[in-house]
Structure formats: structure tokens, C-alpha cells
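First subunit A sits with subunit B, and in the next complex the same chain sits with subunit C.
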Partner chain A sequence: MFLGLYNYWIVVLLMMIGFYIVIAHGNLIKKLVGLTIFQTSVFIFYISMGNVDSGSAPILAEGVARYSNPLPHVLILTAIVVGIATTALGLALVVRIKESYGSIEEDEIQIQDQLTEDKTSC
Partner chain B sequence: MRTKDLLAVVMLTGIYGLLSASFFVVLDAVDVAFTEAAVGAGISGLLMLAAITMTGRSEAPKRHKPLLALLVVFITGGMLIYGTLDMPYFGSFDAPVHQHVAPRYINDSMQEVGVPNIVTSVLGSYRAFDTLGEVAVIFTAGIGVLALLSLPLRRKPLQIDESSEKQMHEQHMVLRIVSKILIPFILLFALYVQFHGDFGPGGGFQAGVIFAAAIILYAMLFGLDTARRVFNQSIVQLIAALGLLLYASVGVVSLFNGGNFLDYNVLAADPIAGQHIGILLIELGVGFTVTAVMIIIFFNFAGRREAQQQATELSSPELNVTQANSTEQKGGE
Partner chain C sequence: MLAHLPILQVIVPLMAAPLCLFLNRSKLVWLFALLVSAFTCANSIFLLQQVMSSGTIIYQLGGWDAPWGIEYRIDELNALLLLIISTIGTVVLFAAHTSIQKELAEDRHTLFYSLYLLSITGMFGIVSTGDLFNVFVFLEISSLSAYALIGLGKDRRALWAAYQYLIMGTIGATFILIGIGLLYQMTGTLNMADIASRLVEVNQTRTVFAAFVFLIVGVCLKLALFPLHLWLPNAYAYAPSIVTAFLAATATKVAVYLLIRLSFTIFGIEFSFSSLPLQNIFLVLGLVGIFAASTAAIYKTNVKHIFAYSSIAQVGYMIVGYAIQTTTGLMATLLHLFNHALMKSALFLALGAVVYRIGSAQLSQFQGLGRQMPLTMAAIVVAGLSLIGVPLTVGFVSKWYLLVAAVEVGMWPVAVLVLLGSLLAVLYIWRIVEIAYFKPPLPGREPVQEAPWTFLAPVWALVLANIYFGIDTRLSVQVAQAASQSLFGINP
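Now for the complex of A and B:
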């Protein structure tokens, strides 16, 4: 009876995969990949909500009665480009972290931070 | 599942991007599919590749147990699925989403904006202010990458011939010839997407990423130095700013003409003609900014990588060997 909701379940599944990668992996690049998967799941969520049965792409044409909802398309289309720009910013940060810490593993960076903190405090 | 090799991870993300692009086509979101195909399958994978060449290719073995994370994920996922039980079914026509503003866009946009592609008229006219904000975010992200990765102005590269002979792009003759034939058509296609966005799928965002992808392809095959000579960095940066300025100034001009900010009806005597001018101009601005920011991002990543390689080559060779032996420290490969 709930089978019509399968699109949301796929979205939740993808979202949780991305979430898991973000919280369970220490590697910063992998965290960004996880964020990308999470982001795509949100895109799929919006696009699948805008879909209409036997609807057509929202470009006005003769003899088409039903169109999919254009609003999610607009939001997601811009979000994709914004997403790649912010991902690039994240990758740039990772590159800088590698240059100054010599590592992109979260725990190693934390240990180094701890060491410098201890040095400055005493 | 536990892939330690980040290269494989990046490859998989590329495939995932292409898959989601085709999925968007199935769901009638052609404009979105366009963007996702260029971004998800192309540029994002490329940037991640550039990043892992600088940060090392493999992940350190895990030291902590993932049980807590799994628990959190299952609880959150369960709650989210419970939350979906009240949602309207997939594809249902009478879902609340389709009752609010969508009917107005679908029924009236032809009279009010006069553009067959509803996505373009919503993006460029009804929600133009929103889009302005998004272009500003992209511009800001470009500046951020520039601030983080750009290098101080380099003295002239010392030995162009020697260093570039080793480069991959000097060897692949077939790739270079084929891409030399293809690149003009990719650029032409980008222009088509830019200016045909009113009538079919397309617009500034898609055209921008396609245009940038062609230039990045050029840079990959002919070397960064050649590409830098063709696309001067400071001019590209100027174009990024000009695009945003063009967009915002369309809004200011419509203010001066007695309308609201970004209300194109007042740009010409006939409101529909005004809308057409407005959408054309702002899409042009979006295209400029997106292209330029993507190029800035790629050039900075690639330039940083090149500088790192040169630094490791110039530093004493015996140190290089020890570095290579101690698995992967700076320099990657």
C-alpha cells in the first residue's frame, strides 16, 4: 500500500549512504564525496517530487496537456552549479590542509592540533 | 565497499553523476540533466582528480569502529522513512507541490514572459532575484578558490622544453588531433545552449559549464602554459566579475526605468519584448560568470599541482627518493 512512496525511500537510502561516509570516514576527500552523494540525493528528492505521471518536460508545445512542475527544476539546476563551486572550495581547503599538516586524515590532523595547543598553553 | 583507493572512488562518482543525469532525463527534467551531465560526470570528477594528485591517492587504514556511525545512520534513516509515510505518491498529479505556484507558471508564463521553456522563464524572470543570489554564490566560491590556491606571480618558467617534454599531453597525438577538431564544435554547442535556452533546454548555467569543459579539455591536452597564454588569467577573472555586474545592472536599469528591481517589463515599450531583452542579458551574465569561475577553479588547481611537482623536482633528488619510499608524502605519485 505504501509502494507509491518508493522514490522517497531511494532518496533516504542515498542520503544515509552519504551521511554515513561523512561521519564514519576520516579522509577529507572521502567526506567531500559523501557530501556530494548527500547533495545528489536532495536533488533527486526535489526532481522526483516535481514529476507528474504522463507529464512532459516543461517546455510549452502544441498538444501537450500536462507538464512536470518547473519550479524544482529551476532550484536544482542552479543548485548543481552552486554545488560544484562549493565542492571546489572544499577541495581547495583540503589541498591547503595537506600542504600545512602533511595529511588529510582527520585524526592525524587532530593529534597535531592537540600537540601545538599543549605547547602554547604551557 | 571499503575502497581505500581514492582514484576508484572518484571514478565511481563520475559514473554516479552520469547515471543521475540520465535519471533526470527520465523524470522530464531536461535542463537539470544537461547541467548534471556536464558537472557531475565531467568537472567534479576532474577537480577531485586534481585534488587527489596533490593530497595522496589512498586512504589510511581505519582506526575507529563504525558502529556508532551506523547506529546514527539507521536511526536517522528510519525516522526519515517514517516521515515519508504521509507524503503524496510518486508522480501523483494532485500533490500539494503542484497546486501552489506551478499552475501559474504553466498556464500564464507564455502571456507574461513569452518564452516557451518554462524553466527559463521561472529562472530568469519570476525568480530572477534568487538566481542573482546563486550567481553571487558561484562568484564568491571562485574568489575563495582563488584566495586559497593562487600562487604569487611566478617568474618565467625556467625550462619549458625540458619539463614539458615529459608531460603526457606532449605525447598523445591522436587525442590532441581529435580534440582539436572537437573543441570548436563543443564551443559552438555551448553557444547554442546559451542562446537557445528560451526555446529548448538550456541557458546560462548549462552553457557556462559546457564552455568551461571545452576549455578545460584544451588545457588538459595542450598543457596549462599554452592554455594560460590563450585565456589570460586576469581577463578571465574580469569576465567573472563582469557577468555578475551585467546581471545586477539589468536590475538597476529596470529600477531607473520605473519598475521593480529585475522587472524586465519596463526595459522596452512592449512588456514581452522587455522580458526577452532582460532574460537574454541576464542569461549572458550567468554564462560569463559560470564559465569564468569554472576556468578559474580548474586553472588554480592545475597550477598549484604543477608548482608542487616542480618544487619536489627542484629540491634535492636524494630527498625525493626517500619521500617516494616512505609511501606517499607530498607530491602524490
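Now for the complex of A and C:
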């Protein structure tokens, strides 16, 4: 029971690792890496969900009668594209942040923001 | 042609977005985007009429039957949301050309319009589709374009706000994806109606319970419910004015729609409100949100920040209406969706006009604007009164129904707290009025001119709509009532 569902345990573990990195790290790139791990764990979750015992890949071939469920694969193809778009946009933002703040560390950016805020309010 | 209206609503702006890149002349692209947007507006009015007269429209994409193919399903709730998004989108876009000339570099104008159209497409898609995975994909289309739109802001803090929104938004969307996966695992289908019918057999399982929790948390992140609202204030404050006016009026509304759709149509009222103490959780979070956000708004010095926090408080009202769990409560939520879209777009657009003239949204810069920009400031005052909930404005109508709903079920404390929350709104609106009307113009500043008519026309159109729908409530109340009754399964 415990080991039989090992892929789901891996999914949960990866999810937690990704989520932890997003929360705990101050480096913007590392945060994005964490986010990607978090998303990837969901991809694995969908793919294990579509698996059929001793079923082959959902491609027509001679001598194969059992196929895995193709729908989760297709869905996850879409989600992967979405994930890539998110990562690309995130990295582009990091590049722009680096250009205008000169740093990609969360705490340094916040200090700089605090300084500008103090200047504009008085 | 008529039969294809539901899909045209989504397809036309989707196709128009890349076409913008070919036009590549600022004014031309603006006219094109405006045309497309006006088309969706007319389309949604037509859809609403059709729904109100002949019931739910079901559109099957590519002619495939529902559980296998994707279907679009437009009922009263969807039609109302489509109407809100498309009208606000069009009216706000009308002022876009003037506004972004000051706030954006010339070479970014085309990109701005295509992102704007993509963002609208995503929202239309979320609202019209009857397929759960489609919801996720459209959610990401609208969110990704929203992150980019926010990042266009002139201030460098816009980039940081967009990045934070991206991280939180993606976590929310991934939670929704996990929830959808768990639901698919239990039912083997992605069609909302189909899931709803099959869920009855398995809804006592832990998997369905987990799916519900993941979906609710994900959606609450998107709609900026109180403890999950951290991305919102900065994103609204540093985005270009037009983007703020548009997103504030539509983005969170779409998430509220999703919450209603999930808990009423898919999981069913019984499961949604009995498996979790959802009523208590949402009541408490909604009320705390109203007070915490309104108090924060009172202490802010940037007017965009003030109204951003007030948006979080308004989401609180919607959630309270939802948590009351009666048809009247839900009706108050839907009315507030409609009304808040009207008042917030008017406020943020008027602020856009102020930023256009004085280049800043700092409260201290507002000194003397009451005399120098009388029409713009009058618009802010009227829309502000609407935000407070003064009679003869739309704010009063939705708060009235909210109070009625709370009193109906005997939740007196809730009714009292809602009224007290409105008093806090008086405080932050009054601060703006005081500085704009009762302080002398800022020394050493050139006299400020009234905003150009391209701003005043849409702002006043929205302000007049605020007053009109505050007096003649037939349309909004009728649609909201029909939608909430059909969600509760009552046939009028």
C-alpha cells in the first residue's frame, strides 16, 4: 500500500520541496526554480493518474491492447506550455528587476523600495 | 452566425490580439482594439438578452457532444459577468490612448493593446466555458497578460509588484490545477455538469474533499480574500492607470465567479457548505478583510493604494454575501460584483486622469485640485459616495440587499459590522475630499488644467451609470435574482 503508491509520495515530496523553496529563498531566480519544481510535481501527478497497469503509451501499435489514458497526457502538455510561459515571463521580469534595482535579492529590493517610499512621502 | 455568439465572444479578441502587432501604429491599434472590444460588448448584451428570454445557451465546440468535446455554457450568471467585463473593458479602453501616451514609451503601445485584448480573452474564456481544464488554461492566459501589463508601469516598483503577483498567482493557479486533477481522478471527466452529476456518488471520499480544499484556496488567492491579498495593493498601485482601472473592475470579479461556480454548480450547495465550516470561515475572513483593509486604506498616502485596499474590503462584502448562503445573500454578492465594477473603474479612471495631469497619485499632490480639475474631482467624489453606499448610488443598492440578507437569517452582528465597515470608507474618501477641496493649490506648481475629454467622457459615463443603476435597479436586480435563483436550483 505504502510503496505501491510511491509515485504519489514522490509528487507530494517534490511539491513540498518546491513550495518551500518559493517561500524560504530570497533570491528571485531560486524562487522561480522552486515554482517550476512545484509545477512539475503536478505534471507527474497527472501522468501517474493516467497510467493503466501494464498499459503501453497511448500510441497505436501492433500487438498492444492496453493503453494508458491519453487525456491526462494531453492536458499536461498544455500545462507544460503554460509553465514555460510563466517561467519565461518570470525570468524576463527578473532581468528587468536586475536592470533597475541592480540586485535580485528580495531583501535588498525591499530596502531600496523603502528608501524611495520615504522620499516620496515627505 | 447567431448560434455562434458564445464562441465569437472569446475567439474575436483572441485573434485580434496578434493582429495588433501588424498594425503597429499607436492610434490605429487603439481604434482597432476599441472596435474589437465594442464588438464583444454588443455580443454580450445580445447573449444576455437571449439567456434572459430563452434560458441557458449550450454551445458545443466543433460539434462534439458534451462529455467528450468541450462545451460553452452561458446562463444568467455567465451572461452577467460577460456583460461586466466587456462593457468596463470597452469604456476603459476608450481613455487608453490618451493615458498611455504619457505613461508608456511609444514602442510599447502596440504590445499594450495586444496584452489588453489577451487579458480580456482569458476572462471571457473562464466565464463562458463549461470545461474545468479550460478554466485553468484561460485563467493562465488572463493572468500572464495581467502580469506583463502590470510590469509595464513607469515606476520600477511595478516590476517588483508584477513579480510578486506572478509568484502568488502561479501558486494559486497550480492549486487549482491540482484540484482539477483530483476531481478528474474521481470522476473521469472534465465537463462541469458531468462532474457535478457523478460527484454525488463519491463525495464522501477524502480525494474529493482534498480537491475541494485545493480549488477553494487557489481561487481565494486569485480573488484576494483577506489573508491572501498581499499581491494586490502594489500590483494595482504601480501598474499603468488604464491597467489598474481595468483589472480592479474585472480580475477579482472573475475569481469570485469561479468560486460561486465551483461551490454551487460543481460541488453542490450541500457538499460545499456542510463538509467544511465554510460559512464561518468566509464570514470571519470577509468581515476581518473589510475592517483590516479599510483601516489600511485610511493610513495610505498614495491614492491608488487607498483604492486598492478598498478593493480588498469590497471583496470582503462579496464574500460575506456569499457566506450568508441564501438566495438574497448570493444576490447581494452578484449585485456587488456588478456595482463594484462600476464604481472602481470610475474611480481608477478618474485617478488616471489626475495622474495624466500631475504625474503622481500621491495624496499630498491633490491639494487644490478641486478647483483646478472640477469635473474629474467631482467624479471621484460621486464614485466615492457610491463606494460608501450613499442612497441613489449603486453602492447603496448592493449594501441594502446585503443587510436584508443578513437580517433575514438573523445575523444582526454581521449587519451591524457591514454598516460600521461603510463608515470606515467615509474616512478615507473624506481625506481625499478634504485635501482636494479645502487646501490651497500646491505652491510653486503651474495651475493644472482639467483632464482632456477623452478621459472625462468615459469617467462620467461610468459615474452616470453609478447613479442610473442606483435609481433604476430593474436590470441589475433582475439578472442577479435570476442568476442566484437558478444557482440555488429554484425555478422562477
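The working rule: the second predicted complex is superposed on the first by the 118 of 122 C-alpha atoms of A that agree within 3 Å, B and C clash if a C-alpha of one lies under 4 Å from a C-alpha of the other, contacts with A are read in each partner's own complex, and residues count from 1 in each chain.
Everything below uses one rule, namely that contacts are C-beta pairs under 8 Å (C-beta built on N, C-alpha and C of every residue); 3 or more make two chains touch, one makes a residue touch a chain.
As the structure is a prediction and not an experimental result, all values here were calculated from the model.
*Asks:* So, does A:Thr116 touch the first partner subunit B, the second partner subunit C, both, or neither?
*Replies:* After superposing on A, A:Thr116 lies in contact with subunit C but is clear of subunit B.
*Asks:* Looking at the overlay, what does A:Ala85 touch: subunit B (first), subunit C (second), both, or neither?
*Replies:* Both partners, subunit B and subunit C.
*Asks:* Pick one for A:Leu35: touches subunit B only (first), subunit C only (second), both, or neither.
*Replies:* second
*Asks:* Check whether subunit B or subunit C contacts more residues of subunit A in the superposed model.
*Replies:* When the residues of subunit A touched by each partner are counted, B comes out ahead.
*Asks:* Which subunit A residues are contacted by subunit C in one complex and by subunit B in the other?
*Replies:* The answer is residues 19, 28, 49, 71-72, 78-79, 82, 85-86, 89, 93-94, 96 of subunit A.
*Asks:* Which residues of subunit A touch subunit C in their complex?
*Replies:* Subunit A reaches subunit C through residues 19, 22, 28, 31, 35, 38-39, 42, 45-46, 49, 71-72, 75, 78-79, 82, 85-86, 89-90, 93-94, 96-97, 100-101, 109, 113, 116, 120-121.
*Asks:* Would you mind writing out the residues of subunit C in touch with subunit A in their complex?
*Replies:* So the residues of subunit C touching subunit A come out as 133, 136-137, 140, 144, 147-148, 151, 156-157, 159-160, 162-163, 166-167, 170-171, 174, 177-178, 181, 184-185, 301, 362.
*Asks:* Where on subunit A does subunit B make contact in their complex?
*Replies:* Those in contact with subunit B are residues 2, 4-9, 12-13, 15-16, 19-20, 23-30, 32-33, 36-37, 40, 43-44, 47-53, 55-61, 66-74, 76-89, 91-96, 98-99, 102-105, 107-108.
*Asks:* Hey, which residues of subunit B end up touching subunit A in the complex?
*Replies:* Touching subunit A from subunit B are residues 6, 9-10, 13, 16-17, 20, 23-24, 27-32, 35-36, 39-40, 43-44, 47-48, 50-52, 54-56, 59-60, 62-64, 66, 69-70, 72-74, 76-77, 80-81, 84-85, 87, 89-93, 95, 97-98, 101-102, 105-106, 109-110, 116-119, 122-123, 127, 130-131, 134, 137-138, 141-142, 144-145, 148-149, 199-201, 203, 205-206, 208-209, 290, 293-294, 297, 300-301, 304, 329-330.
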